[in-house]
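Letters A, B, C, D and E mark the chains in the order given here, with residues in each chain numbered from 1 onward.
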Amino acid sequence: MSFDIDVERRLGDRSIGVRFTAGAGLTALFGPSGAGKTSILNMVAGLLKPDRGHIRIGDRTLFGDGIDLPPEARRIGYVFQDGRLFPHRRVRANLLYGHHLADPADRWMALDEAVDFLGIGHLLDRWPHGLSGGEAQRVAIGRALLRAPQCLLMDEPLSSLDAARREDIMTVIERIRDTLKLPILYVSHDRAEVDRLATQLIALDG
Amino acid sequence: MSFDIDVERRLGDRSIGVRFTAGAGLTALFGPSGAGKTSILNMVAGLLKPDRGHIRIGDRTLFGDGIDLPPEARRIGYVFQDGRLFPHRRVRANLLYGHHLADPADRWMALDEAVDFLGIGHLLDRWPHGLSGGEAQRVAIGRALLRAPQCLLMDEPLSSLDAARREDIMTVIERIRDTLKLPILYVSHDRAEVDRLATQLIALDG
Amino acid sequence: MLSSEEWGIVALSLKVGGVAVLATLPIAFALAWLLARKRFPGRMLLDGLVHLPLVVPPVVTGWLLLVAFGPFGPVGRWLESWFGVSLMFRWTGAALAAAIMALPLMVRAMRLSIEAIDRRLEGAARTLGASAWHSFWTISLPLALPGVLAALVLGFARSIGEFGATITFVSNIPGETRTLPLAIYSALQVPGGEAMVTRLALLSVALSLAALVASEWLVRRGHRGQDRHVL
Amino acid sequence: MLSSEEWGIVALSLKVGGVAVLATLPIAFALAWLLARKRFPGRMLLDGLVHLPLVVPPVVTGWLLLVAFGPFGPVGRWLESWFGVSLMFRWTGAALAAAIMALPLMVRAMRLSIEAIDRRLEGAARTLGASAWHSFWTISLPLALPGVLAALVLGFARSIGEFGATITFVSNIPGETRTLPLAIYSALQVPGGEAMVTRLALLSVALSLAALVASEWLVRRGHRGQDRHVL
Amino acid sequence: AERGPLVMAAASLQESLTEAADVWAAKGHARPIISFAASSALARQLLAGAPADLFLSADEPWMDAVAKAGLLRANSRTTLLGNRLVLIAPVGSTMKLTPARGFPLARALGSGRLALADPDAVPAGKYAKAALTALGVWTSVASKVAPAENVRAAMALVERGAAPLGIVYATDARASRSVRVVGTFPASSHPPIRYPVALLKASRHKDAAGFRAFLLSKQGRAIFARHGFSAP
């Protein structure tokens, strides 16, 4: 069992909540716009504090039972719905930000490899400002993977990519899921994407 | 003939260029990430100045032959790839920003109608901050349509919406295309979307 | 609590500070905009000029004002003959001195905010039919509001505290140019005047605290739930 | 071009201004951070305190410094008995006066920039493994750089121009506390001293222009092609 | 109410002149409007054409400068007051020292400083420097001087213990409870301390000459004497 999540949180005048356990592999969060998918990822990442509940991944408790690990201790790689690149660092420095912070023994992907399948080699010396939508998205994926996470959160990571690039990246995600056996929480509106990648599907309603 | 576009522009160390004429209806721009789709929309909208060339829509010249209309005179409704909502105005004020500026005689959609098919009635009094990705995207679509444009530019407008909402909006786009006969320039990576909406397809390569 | 003379001094300080800041605000904003947005020859020079009142000791600024705006000065003579206006010994002169001393602070604060504006939002406004001018009023200016408010607070505080340029330029005339700092100076000249000094100093502190609270309230009112960063 | 006495005055002004600004910078940043980010009881009070040196006339500030740091003052007595240090009549005292006068300007500038930071970027850094501290140094601080640079420029200019508090606190001692504005003041007191005043005033203008140019250069170096707004 | 004449007066006259104005007003005249500032600042304002009626300077050179610019009414300049210089110490000090030729001022100061108004610029400081020079001790204390912005600031340095000794006007020392007069300088040791008064050419106010005459009258002089000023 990789995810054991039971959280609730008020946002404005509505309440976002979900409760599920999922086995190994990729768990897809599915639901209409505004259902609370991003909020749930934020809670798992430690960026939004649940009002109550618990978050466990594998045998680690990230939240609940008096525990509330800070984001940096959760060892999570998060691909945000918006790129959220650091505007004051070049693409290379963005990619390596988390990589340098990780224990070398934990790293499971090298810069070259990420740059290669993401096709961003020509962007390494560019500033984030001026990247196209899909370019920024690919850099954001690379940055999350290179951080040597033990769990991935991906919020519509492929939404603005063309079919060929999408295929390349899905292959890598499959490899991460099957070879490295990292638990992945994945948000997407694309039925085909979800059908291909998901081991398990959690439906949220708005 | 609704679009007659022939532009070229240097960006950093590459050159973006396209040349096409298209008949009435919806013209889809197709191409890999970084091919220059957004840049072309920006040039048509008047936000990026081409180094040379011309832009004509219907019988109006927007650029070229010594003409360079400012964006506000181009009467274009632009749905940006990122939401680009005004953070200091509530959702309602965002939606009505262009509406109030348009000549009442030119308006072809009312606030109620837009709010209705976009399903954003419950968001009208919210600030953009705190909207979910899809919610912001829908507000951005509404804002562009309510501005009473005579031509639409849409940059992946449906990328983070669920299937049901996507269907609703596509129906409206079809209506705009067929009933109002507005020329539309449309960017998308989704094959199904393009197949359904596009009257014509322009391929760009990166 | 306050004597009527003290009330008079407070009222005068408020008038001088208020007029100085409000009259300077548009000029300072225009300068901030120029410096933040435009590249033109002489930009560094303008930037330097704007900073001058900060660097040059206030008495020198006051002296320069006196030389320029005094009855024998070029500007003063011109004002006198064309408009019959003289700033000498008048509260308007005190406001001018305060305005000039506050200018650099106000320009910097607004410039910082203008530079932080996401210019793509202005582009979005243009595609929605807004002229450059309309987009300025509805988008750029509201987004620069934190800087404008900071400029108001800094400028008002500086004006309320202005001493050296004022006494040098328009002297220390009760009811006309004797603002709080000048009254404090007068009290300081009297041996054993510490009690009076303390009293007047506390008064100026109270004034500026009131301005601070008002500005914080404005900020909060303007911000209700919004945030500058969206998607 | 400059007499050796004038060189000495310039060097002293640079030392006093430089030390004042650099020593104040971390304190001012901490205050700006507190005021921008934290909500705590007494926040408005702290905000008011920070603004005080702007509102209270400089001579009063100087007088308060004398009361506190003089040999009879509580802080002065403590410094003397524990460290054998006295600020009286020393350039360090001049730097203290300059620092206090520059503080409000520096805090405001940095606070504006801190408030403009997109905090979600800090969240992103945390998910990438950065501690709050590391994220501060690598994300927040660099993003607040425009404010830090503005604070340096404003603070330095204000320090270079500081007069009232300095002369009241540490008097006007050649080679020790006679900075440019004090030298200008002395010249102004003498009938016919205008030539000397002009000369020295131009010198301070030159100094602050140099600081401006340096800061603009730093900004440009830091900004090469980047922009604060990304997707 | 009718406006009184505009009087530009040296800041050190604040208390005495205010009282004189009150008495004058009590006689049924419009109360004069008095601007107190440093003589230098006031003189510069007059030189720049400021329209005032009466000028009371704390020293002669600034009055001379105004006179040279042709701004004074003929024959209206006269000396209003005199003052004395005193050596002061903090009130708790037990220092005994009489200013006289060659008196051991440097030794008394030890490592401390002597608080003065700026001896190169401010009148009180210039008088002090002249006195110390005449008494033959200036060279021995010149490097120990703490030049302040004005007399009051110099006195504040002594009041707060920053300087063990200072030289100020007798009128200042007399009014402060935190300092003790150690000794008075011989009148012969420095040029006479004189406060000149003059009407300005630009004066239009009918009361200006009258107020000047009142200040110089027996009643006027008595007020100044009460505040410690001496006759010129």
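To be clear about the criterion, a residue touches a chain if its C-beta (ideal position, glycine included) is under 8 Å from a C-beta of that chain, and two chains touch if they have at least 3 such contacts.
Just so we're clear, the structure is a prediction, and the values are computed from it rather than from any experiment.
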Those chains which touch subunit C and also touch subunit A: B, D
Along touching chains only, what is the step distance from subunit A to subunit E? 2
Suppose chain centres are the mean of their C-alpha atoms. Which chain sits farthest from subunit D? B
Could you check if the interface between copies subunit C and subunit D is built from the same residues on both sides, meaning over half shared, or from different ones? same
Rounded to the nearest whole Å, what is the centre-to-centre distance of subunit B and subunit E, using the mean of the C-alpha atoms as each centre? 79
Please tell me the distance, in whole Å, between the geometric centres of subunit D and subunit E computed from their C-alpha atoms. 36
Centre-to-centre distance between subunit D and subunit C (centres being mean Cα positions), rounded to whole Å: 20
Tell me, which residues of subunit D touch at least two other chains? 59, 63, 120, 164, 185, 188, 228-229, 231
Each of the following residues of subunit E touches two or more other chains, namely none
What parts of subunit A, by residue number, touch at least two of the other chains? 82, 130, 133
Listing of all chain pairs that touch each other, if any do: A-B, A-D, B-C, C-D, C-E, D-E
In the complex, the residues of subunit C that touch subunit E are 59, 62-63, 66-67, 70-73, 76, 88-89, 167-169, 171-177, 185-186, 188-192
Would you pull the subunit B residues touching subunit C in the complex into a rising list? 45-47, 70-72, 74-78, 80, 82-88, 97-98, 101-102, 127-131, 133, 136, 143-144, 147
Can you check the complex and tell me which residues of subunit E touch subunit C? 6, 8, 11-12, 14-15, 33-37, 41-42, 44-45, 48-52, 150, 152, 155, 172, 174-177
Give every residue of subunit D touching subunit C within the complex, in rising order. 44, 47-48, 51-52, 54-60, 63, 104-105, 108-109, 111-113, 115-116, 118-120, 146-147, 150, 153-154, 157-158, 160-161, 163-164, 180-181, 184-185, 188, 197, 201, 204-205, 207-209, 212-213, 216, 228-229
Which bits of subunit E are touching subunit D when the two form their complex? 38, 40, 43, 61-62, 64-65, 90, 113, 115, 118, 120-122, 145-149, 153-154, 156-157, 160-162
